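Below you'll find a set of structures to go through.
The same chain A turns up in both complexes below, where it pairs with chain B and then with chain C.
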Partner chain A sequence: MLRRFLRINKTKDSGVSERFGIVLFLLPTIILIGVYIIYPIIMSFWLSLYEWDGISPTKQFVKFKNWVDLLNDSVFWHSLTNNIKIIILSLLIQIPLAILIAVIIDRGGKRFDIFKSLFYLPMLMSSVAIGVLFKYVYDPQFGLISAILNLLHLENLAKDWLGDPSIALYSVIAVICWQYIPFYMIFFIAAISNIPQELYEAAKIDGATQTQYFWKIEIPLLLPSIKTACILSLIGSLKYFDLIYVMTEGGPAGATELMATYMYKSAFASFKMGYGSTIASAMFIIITTAGIIAYFATRQKEA
Partner chain B sequence: MGMRKEVKKWFIAFLIVWVLIADLPFLFMAFTSFKTQMDLLTGAVWELPKQPTFSNYLTVFKGNFISYFKNSIIAVSLSVVLILLISSMSAYVFARAKFKLNSALYSLIIAGMAIPIHVTLIPIYLLTKRIGVYDNIFGLIGPYVALSLPMSVFILTEFMREIPVELEKAAKIDGCSFFRIYSDIILPLSKPALITVAIYNGTYLWNEFIFALVLTSSPSKRTLPLGIWDFQGQYGSDIPAIMAFLTLSLLPMLIAYILGQDKIIKGMMAGAVKG
Partner chain C sequence: MKSFKKWVALFLVFAFALSVCLASLNAQKAYSSATSSGTKKIVFWHIQTNEDAKKVIQRSVDRFMAANRGVKVEVVPLQNDAFKTKLKIAMGANQAPDVFPTWGGGQFYEYIKSGKVKDITAYMNEKNYKNRFLDGAISMVTFDNKIWAVPVENVAIAIILYNKEIFKKYNLKVPSTYDELLNIVKTLKAKGIAPFALANKTKWPGSMFYMYLVDRLGGPSVFERAANRKGGSFEDPVFIKAGEMLQELVRLGAFAKGYNGLDYDTGQSRMLLYAGKAAMELMGSWEISVIKSENKKFYDNNLDFFPFPAIKGGKGDPNNVVGTLGDNFYAISSRCKYPKEAFKMIQYLIDDQAVKERIQLGRIPPVKGVKLNDSKLQKLSSIISKAKHVQLWYDQYLPPQLAEVHKDTCQALFGLTMTPKAAVQKMEKTAKAVFGK
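And then the complex of A and B:
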């Protein structure tokens, strides 16, 4: 059907038809990106200058009051701190473990393909489903974790994993690692498979041990991929929402509050659209800056 | 890859421990979904259901599961079709057409890949209400398509640049128009990239939560991830029923994964290639 429609537009004069085609072919993309990306970004910054519940017909122009409030808002700083804790722990846990698993799977060759498939399963589940599942995995009474501790006679280690403010954030980070390690694992398996086999054989002839091969050849050659993975993890960690919102809604007592959950709650639970927009705009600034810094920091070293 | 190196015993031990970590929650979910509430209260987590019951699945189907599922299918498939059509059209222009603004426009659009979508959430919510598509599946499609375009245009443009120009030159001599070249030459040759884009966006949108949360409110208009959220709110204490819902919601992805493992992985990894 599409083809028939397009044939109608066929003209002999290819000059006119090509110019017409270019405009026609770009128009949907330009309109959609304008309406749903560019306009909202501008609008977010614009709304951050107002106090507004999102419903009443008049918005109150308050200049930079929301921004001043944000700078003095301990909840915002606390949520940013939580985001940063997630970044650090994600980097320290996810990337090394993913590399280790990828290297081991690579050593096994085809025999280990089954592990690859089994390890990948968490990637198939939505963050929402994972969040709900782990709410019950962590359940002190019926959950999997308490059952495992019972099995190992470690009952005294049992905690209210999501209910205790001092450990809730770490419980959530554990789930984030569970969810994303498979992604980085596959990412590094692909990167390792690009290392020429001859290098391994040459190292073997030179009498290198597996450990030497790992540190002297694999890790240096994986460095660009490791940098990419770190940037992905960094940016991702600043944007977390689904999983945390579903598991804890930012609680208990704000222990797992993140910028995105705080933004959502301000705008859609407290109906402070202006302040919500301020948080969103601040996230935009923080994430874009972090992305640019990370991008150039890793780029320079490569040169 | 060719033959690999000898494998140490502790490698295997480590992998088995990791299998338990990665997959036990799935077994816990599936087992629990066949238990009665009584089994759950009286038996240990490890115990198999005394008499496996499908009643939890019945509970799920008596709720809005079918409607959530249907909405997800509609929203995701319509979005993916539009994404493929719109992004391939632009990609063809960016890959081939020579005009002044080409590279500037292309850079602007793929810069969108770096935008944290949260900044668009509140304005898109207000816009959706204003144009009257709030709480409507079609209200989701606009943002879904638009927010997927930068990455999709990027993947397709890079791919189309690799297609030999000679084919088009020959077609042009034969009198093929701009449109014919796109539909009869470029699109068929771009099939592998189109499949990657479809899988990447399909899996991402199938699991999308925050826009669906903000742009819809009634259960009959919500997608599957919201269904999980609603159901969990409603049946919070009925753990077996919730596990049945989760198991059912995982099935489509699991089946897709079993059918096309390599393609699914490649599609889901597409987001990482931009680095």
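And then the complex of A and C:
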């Protein structure tokens, strides 16, 4: 990647000082990536070969025992399944809704500018704050949702949102959508504003309706952005952690356990640093593979 | 213009590098004890986040600093569950605070085995200082015949707190047997009041029911034999029976809706008590002081408590309790540069003035011969003095990995997603893996 970058610049201007400048400016990033990303990844893989409690000075080399354990660990597979559920529901809910909101706001023109800011607000809050907030919203006795349902005399619909293992995951996914739809919305608004005005005008002359605008112009021209959004959502869903940890800690009874929460608990609560590193490494492999597959799958279609 | 841009860019790079350096310097400062301009610095973590309790600690530390001019103490209050992880990471990174709280038990022993904790036996024996504390409390932090921490905060046992107004209204009597408790549960349920408030997101609050059921059914030896691998097993019928009784309670609707998702740290279970939506809560007796500072009116008019009742035919002595004789001991890290000063500071935390202030809070300090004027504390004290055995919380007693499985299986029992039999099998399997037998 770096070499390609340098070569491109070399053809433009091969001055030595220029190249020195490039290296100089890249240096902080390279060091930071090396120290905070590459080194920890290598260390995780290295640690995954050990049994270690995370505090004692001695580690025990156990070769691939942790990896064999991982393959036989039903909790890990269960949490991976939960991750996949989040991916699917995120793709099905977040992206279509975000496109819809983006299109509506775009049609509204200047009058709707205020909604851009309003809808973007959730994105500005930290996940931890959102988690705490929704813990109260979901509270089965005093929560906002229960209160509204009571007002509407729909008490029967009130559920134990975070405490019932069969619905806890969906309650959390709803919050994730609430948090991330604004991000994709802004993303799509930017993409829509790039669509040349002439296309609309041409379509107008041909007598196209609003629906036809949407399906025949906006959606096809948004496709590259949609693909990017899908990849972002895929990777984000696989490494999801903070909100889930604040809201449910992976509970009740493992119902919302994700790979990342399971890794965290193994390493820092059960004192199994080696096993935690194994999960982290497995996550790295899974996410990288998924990312690469998604990248190439979408690139081929573009060509 | 171009050179101007270059300068700006260079400046930005420089500023960035500088800030990274400064940030790492700061991080260093926040953890370890560093000497600056001749003063000795002690970093002290605690988890007394309740406003009044926080003030008591700060006042003790201020007294210490006034008497020891050359020492500066940095007090860092942390939330209970966040603290547990943070300490682990700090220990692993060799950045442990100089003074930190502990409950004793298996988790603490891990740190001792790894050489992270300072042996304070010599300090404790000086002028027979250890004699100031309850013998049971000292024994909870004695490992390998050495003392590793000072009992400070509270004698805390799990009790059933209840709203006496609600009991009076429905003509309910404090139960002495488990069957009577079940009848109360049924009556309250029929009146539309949740019998128990429970915030089991972090899993340890629910574990209290399980511990008491095991204790009342089989006595303390069942757990001890299983946990210490002395001829016992977690597949003992008592553990299965306790799981079944727990699920019976769940099926009876003994717990207010949401119990497995509510958060104890943010007070979601106490709110149910205050609002009169739930009548009882099984919780550590520290909750008395929490309620006293949080809701004085409820404390004065509604709050009362009773010990976990006896189970008919059970082998356990109903006078026994689950809890700890020093809810929060303070230990000194082996990295601490000024252990003598740190120990002296801990002594200020539990000197006569601090003892007086802790009683004011509604706590029983783990020192001998405390005088309690408050009727609630007197009652609590009499429950404790009758106990022949104090069972330390399983999640602190067991080695960490097993403790996590205990909490997980317990929450699954509450969620009815696991059978009592499967739960004990999982415990036994993990125990075998952890202990190698």
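To be clear about the criterion, the second predicted complex is superposed on the first by the 271 of 303 C-alpha atoms of A that agree within 3 Å, B and C clash if a C-alpha of one lies under 4 Å from a C-alpha of the other, contacts with A are read in each partner's own complex, and residues count from 1 in each chain.
The criterion applied here is as follows: a contact is a pair of C-beta atoms (placed from the backbone, for glycine too) under 8 Å apart; a residue touches a chain by one contact, two chains touch by 3 or more.
Computed from a predicted model, the values in this text were never measured in an experiment.
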| item | value |
| --- | --- |
| Overlay on chain A: chain C relative to chain B, clash or fit | clash |
| Which superposed partner A:270 touches (first chain B, second chain C, both, neither) | second |
| Partner chain(s) touched by A:70 [first = chain B, second = chain C, both, neither] | neither |
| First (chain B), second (chain C), both or neither touched by A:132 | both |
| Residues of chain A touched, compared between chain B and chain C (which is higher) | B |
| Contacts of A:140 with chain B and chain C, given as first, second, both or neither | second |
| Touched partner set for A:244, first chain B, second chain C, both or neither | neither |
| Partner chain(s) touched by A:49 [first = chain B, second = chain C, both, neither] | neither |
| First (chain B), second (chain C), both or neither touched by A:234 | neither |
| Touched partner set for A:25, first chain B, second chain C, both or neither | both |
| Colliding stretch - chain B into chain C, listed as 23-31, 113-121, 185-193 or 239-247 | 185-193 |
| Overlap of chain C and chain B interfaces on chain A (superposed complexes) | 24-25, 28, 54, 132, 135, 139, 142, 268, 273 |
| List of chain C residues in touch with chain A within their complex | 9, 13, 16-17, 84-85, 88-89, 91-92, 110-111, 113-116, 200-203, 256-263, 266, 268, 271-272, 275, 277, 399-401, 404, 408, 411-412, 414-415, 417-418 |
| Complex interface listing, chain A residues touching chain C | 24-25, 28, 53-57, 132, 135, 138-142, 160-165, 168, 248-249, 251-255, 265, 268-273 |
| Interfacial residue positions of chain A with respect to chain B in the complex | 2-3, 6-7, 9-12, 14, 17-18, 21-22, 24-26, 28-30, 32-33, 35-37, 39-41, 43-44, 47, 54, 100-101, 104-109, 111-112, 115, 117-129, 132-137, 139, 142-144, 146-147, 150-151, 178, 181-183, 186-187, 190, 193, 197, 200, 210, 227-229, 231-232, 235, 238-239, 241-242, 246, 260, 263-264, 267-268, 273, 276-277, 280-281, 283-284, 287-288, 291 |
| In the complex, chain B residues that touch chain A | 1-7, 11, 14-15, 18-19, 21-26, 28-29, 32, 40, 44-46, 85-87, 89-90, 92-93, 97, 99, 105, 109, 112, 114-127, 142-143, 145-147, 149-150, 153, 172, 175, 177-180, 182-184, 206-207, 209-210, 214, 224-226, 228-229, 232, 239, 242-243, 246, 249-250, 253-254, 257, 261, 265, 268-269, 271-272, 275 |
